[in-house]
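One chain, chain A, links the two complexes that follow: it is found with chain B in the first and with chain C in the second.
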Partner chain A sequence: MALTDTAPPPQAQPAPRKPLSPAWLTLPGLCFLVFVLLLPVGWLMALSLKPSMPGAFTMEGDWTIANYLRFFSQPFYYSTLIKTLWVSALTTGITAVLGYALALIIWTASPAKRGWVVLIVLSPLLVSIVARTYGWMIMLGDRGILNQALLGLGLIEEPIQIMYTAGAVIIGLVHVFVPFMALCVLTSLEKIDPKVPEAAMTFGASRWAVLRRILLPLTVPGLASGLTIVFSLSISSYVTPALMGGPRSGMLTTFIYQQFAVTLDWRFGAVLVTLLLALTLLVLTSILALAARMTAKWSK
Partner chain B sequence: MITLDLNTTRLSCPHYVPISEPLFIYTNNQQGPRTMNKLDRRSFLASTGAITLGAMIPGMGRAADGGFTSTVFGGVWEQNYRKAIVDGFEAATGAKVNLQLGSSAEWLTNAIVNRAEPEIDMLMLPYPDSIKAIMADIGIELTPEDIPNIAEIAPVWWEQYKKRGVGLDYASYGIAYRTDLVDQPITKWEDLFRPELAGKISIPDIGTWGSWEMLVMLAKLRGGSEDNLEPAFEALAELKPNIRRYFTSSTDAMSMLDAGEVVAVGMTTNIPPYALIDAGKPVDFVFPEEGAMVGMVSYHIAEGAANPELCKQFINHAISREAQEAFCNAVIAGPVRPDAKLTGKAAERVPALDQLTLFDWFKIVPQMPMLTDRWNYEVSL
Partner chain C sequence: MAQVTLSRITKRYPGSDTPAVDDVSMTIPKGSFTTLLGPSGCGKSSTLRIVAGLSKPDFGTLQMDGRDITHLSAAKRNIGMVFQSLALFPHMTVAQNVAFGLEMRGMGRSEREAKVARALDIVELGHLAARHPHQLSGGQQQRVALARALVVEPSILILDEPFSALDRKLRETMQIELYRITRELGITAMFVTHDQEEALTLSDSIVVMNQGRIEQQGTPREIYGAPRTRFTAEFMGLSNFLPARCSSGALSFEGLTTARPETLEAEGDCTVALRPEGLSLSSTRPEGAALKGHLAEAIYQGASTAYTLDLPSGRRITARTPDCGLQPGQEAWVSWTPGALHAFAA
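Presenting the complex of A and B:
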């Protein structure tokens, strides 16, 4: 009893602390994104609605849409936007075909060969842009290997001009973006049980039917990821078009740089940024919406 | 001198934080709610938040060490600049010169945006950004009383900047061509119009170094001037069939020349072609008969700089005879001091100042947005 008498009075147990959601861990990253991406982009968008004035970086002046009217009243700028969209779409399309084929090769390769194939696929990313461009010059230039071979075989009489054209820009972009597409598609392919296509072939499906009716539908998420990544990188690329493009192959990014660094007309440059961003978001949203529609029945 | 281009320049990262080992280990503890070892959640959030904020506040701690922040072009130029000028100054004064890499457009923008509290105490800028800086009222007045060596330099390299800047060294623009791919040597600007050079030459794209010089030179060739650049666009229309591509950097231009993609590059500084010549390539560099343009890099001390007196001491050191001779002989450039002696390759390759043409940049800079638009609409298409 004595023990009972001297025992400390029972204390109220503190209520168990409710664990915080792991989502809070994203807070620093979100803060970073808000401060270094969303706020600056929002500020630039607001700046595009101020009167064009070289050297002016502040929000002074009345709100106006004059910069947008300038853009759409000048065929040069909107034709450049259309050309940029076209080059990016073509690059993405070619990359999708080549990347998919590469992903299939990696997926079906034996484990011993697989590492080597992946290394080869990733190799364009290991070379600097300047070295890569110089390499293309050796390959595709007027005095390059391709033209020398064609001339030697008597197939052409004059060198074909490939470097410094829109075609050269597309070749340069496809070369470096194929790994992104291949790896995205490979991620989806890895989730497919190899027995599924085998079963289809057992029941008489041709290789083409297996690709079209089984592999393609099942790899839509990977393909969509690859398309969005490659399209975003293509439409925002600057160095490859600047180094491999010719007088008529300027992409909108080259003119964004021009407005920000040469004329210091940030306000008109902000218009180009806003329109490029809007176009990119429109295309990406369309790709993702289409992919969601194609995979909607998966979750039913 | 001006060999920097965006594609080869290293960009500095003043807030680089080396991470040699993981900051924490995250475990899913089955005894209770998720916990972190070594670093709890609050500490993690606090430290990552601090890193985030730190990354967002550039320039913190700037010049806290009693030195100052300036700018520099990368590569071999930076090595020679440090060796010939910066190291000697630091040894003599004990001050630290923080050199920021990047592009001149970026430095100028930084100076204008952060005018109230400059991140760069002393800008080193080439044309046309140096003139833009003067027109934007960036830079305090520099006097021979504060910087005695100003009295020793060619007056144009101080007076041209309205006494708010001081030149460091000059470069000369001319034509580089492949001697093995042309029938006749190229000796003048008019040679670039020769019909046999159709699709075989390159000139700078608008905004690239040399482009404004090209516009003014073409205007003058056809009877125009800084006030009347209309003839330049007529000349460009005439020259268009010969243009294979408008180059965007000196590296870009020299790559094309080296590979034989073009046979002549108009309006390039002398240093990149001489690199090809020294490598044994069949290339020649000429100062055209009609005249060659001059390029200059200059110092500008920002209003509100942390250590303006130290910056002035530095400029005085950089334009001293010893520093000028050491630097200009190393980078093959022209000194601002007439008494500085060039030797070796520099003596052979650097033309006298009176052989070069300097135009009125203050008339060109205000026209740049209009000229750029016109170039886009008429020339680049």
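Presenting the complex of A and C:
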């Protein structure tokens, strides 16, 4: 009894504090995103709904969709949108094929060779974009190495114009974007048990059948991330179209630059930015939704 | 079904000094179940991969029903393979997995569906045909892999440690099923395992491998009952190795001379092995051949007790018998049933 009397009274436990949800950890990132991305973009979108007025950067004036009507009523304007779209789509498509092939080469290379292949694949990213672009100009110009070679071989009578065409832009973009695609696909390939394609072979599948029936479906997730990355990089690229497509590249990004820096018509420029953004989001969500549907049944 | 013959197959991986498969020759007769048995790393999978066409031998030839298939691609060998990791196609349903081989053979849809249904019935998985592999238990995935390999009516069924990931009970069930299915369908099978019990249970013929070479081949009875090398003996659960000498009619070891076993081929120095389960102990001298020793340890293990006996030579032997009441410290005689003693060249 005495013991219980002298025992210290049980200390009142402080009420257990409710642990903070881990979601709060995203707060700094969210603040950053709001300030550097959402605010400026939102502001630009709002600006696109004000009457066009060169030199005006502020919000005065009535709300109007006149800028959008102007864009879609002039073939000169909306053709940039169409051209941007097909150049980006073609770039993405070619990059996908080349990137996939490279990923397969890396995946099947022996560990000793693998490092070298990866280094070669990444090499376009090791050179500054400007240097790389001028390198292509040396290759592809009217008096460039390619034309000289073709002339020398007698295959052509006079130089073919490659520089300052959509073709040059696509070549320049594909060159840089292939590593992104290859690495995305490789991530998916690495998740495949190497015995799975072997099993397919033992059941009579040709190499082509293994690719089409086994590897392609299993790499849909990597392919989808590669496609979204390359498409958004293509559609928003500026330096390569500006240098290799020439001043009249007809791409939306160079057109946007002119509005903001040359004609100073920010409000019309904001229309272009909004359309570019809307188009990109539409394409990206379609790709991702399609990929999710294709893998829903089996991906864990 | 087909007969498969390996002749002097040799394979060395780049960067390795010793060959993974070293001069391996064997014949797998039509309809026979042949097992490659050996410890991990002895070259079993490498041999299977060569038979499957997934890897090329550096030397040697491979024949199927007398036709040279050494350079034929895996896709054209008409094999059915079950991989250790199963390698099911994760993006296909059970039915699509099983149908894959038939599809690659260009079989029409209705015929394909009938065959898939029959194959799934054989492995009792018909009700799960629409599931994806990740929705199945380990044992069910195993059956899908088996059905996928059987449905193509392969010339040879190849299985690389297919049951090693299963728990003991499931493994035994699958072994019995595999036995039943292969015998009912008369399948030629090449099976790989490192588990001697599994090999004894399933096989018509066992090929014991060690460091890329064939150590011994024969029926389960021959391999278990008459191991010809110490390696095979150890792998078949023999222990208690004692140095011995053999002459024309007799075998002598530990001061004892007995009749020479018929299976012994050596002359001069050899080794005797005594199976622990075939030994019995007594405190008095039994009739026939026996060794006397000093009981050092008795470890109770339920169904049996493991007795360790120190022989006068200083060597130790272990006997595993039902408890016989002897205590450590006592003198004891150890004798053996005829099948428990094996002898082979040292």
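As a convention for this text, the second predicted complex is superposed on the first by the 287 of 300 C-alpha atoms of A that agree within 3 Å, B and C clash if a C-alpha of one lies under 4 Å from a C-alpha of the other, contacts with A are read in each partner's own complex, and residues count from 1 in each chain.
The rule we apply is simple: a contact is a pair of C-beta atoms (placed from the backbone, for glycine too) under 8 Å apart; a residue touches a chain by one contact, two chains touch by 3 or more.
In this text, all values refer to a predicted model and were calculated from it rather than measured experimentally.
In the superposed pair of complexes, A:Thr26 makes contact with neither chain B nor chain C.
By the document's definition of touching, of the two partners only chain C reaches A:Phe203; chain B does not.
Shared-chain residue A:Gln258: touches chain B; no touch with chain C. Legend: residue contacts after superposition of the two complexes on their common chain; A:Gln74 is shown touching chain B, with no touch to chain C.
More chain A residues lie in contact with B than with the other chain of the pair chain B and chain C. Of the two partner chains placed around the shared chain by superposition, chain C is the only one that A:Asp193 touches, whereas chain B remains out of contact.
Taken together, the two structures place no residue of chain A in contact with chain B in one case and with chain C in the other.
Taken in their complex, chain A has these residues touching chain B: 17, 19-20, 22, 24-25, 27-28, 31-32, 35-36, 54-55, 57, 74, 76, 129-130, 133-134, 137-138, 141-144, 161, 163-164, 239, 242-243, 246-248, 250, 255, 258, 260-265.
The part of chain A that touches chain C in the complex is made up of residues 193, 195-196, 198-206, 209, 213-214, 217-218, 295, 297-298, 300. Residues 52-54, 73-81, 83-85, 87-92, 100-101, 104-105, 132-134, 148, 152, 158 of chain C are the ones that touch chain A when the two sit in their complex. Listing the residues of chain B that touch chain A in their complex gives 7-8, 33-34, 41, 44-45, 48-49, 51-52, 55-56, 103, 105-106, 108-109, 112-113, 132, 136, 199, 206-207, 243-246, 248, 251-252, 255-256, 259-261, 368-369, 372, 376-377, 380-381.
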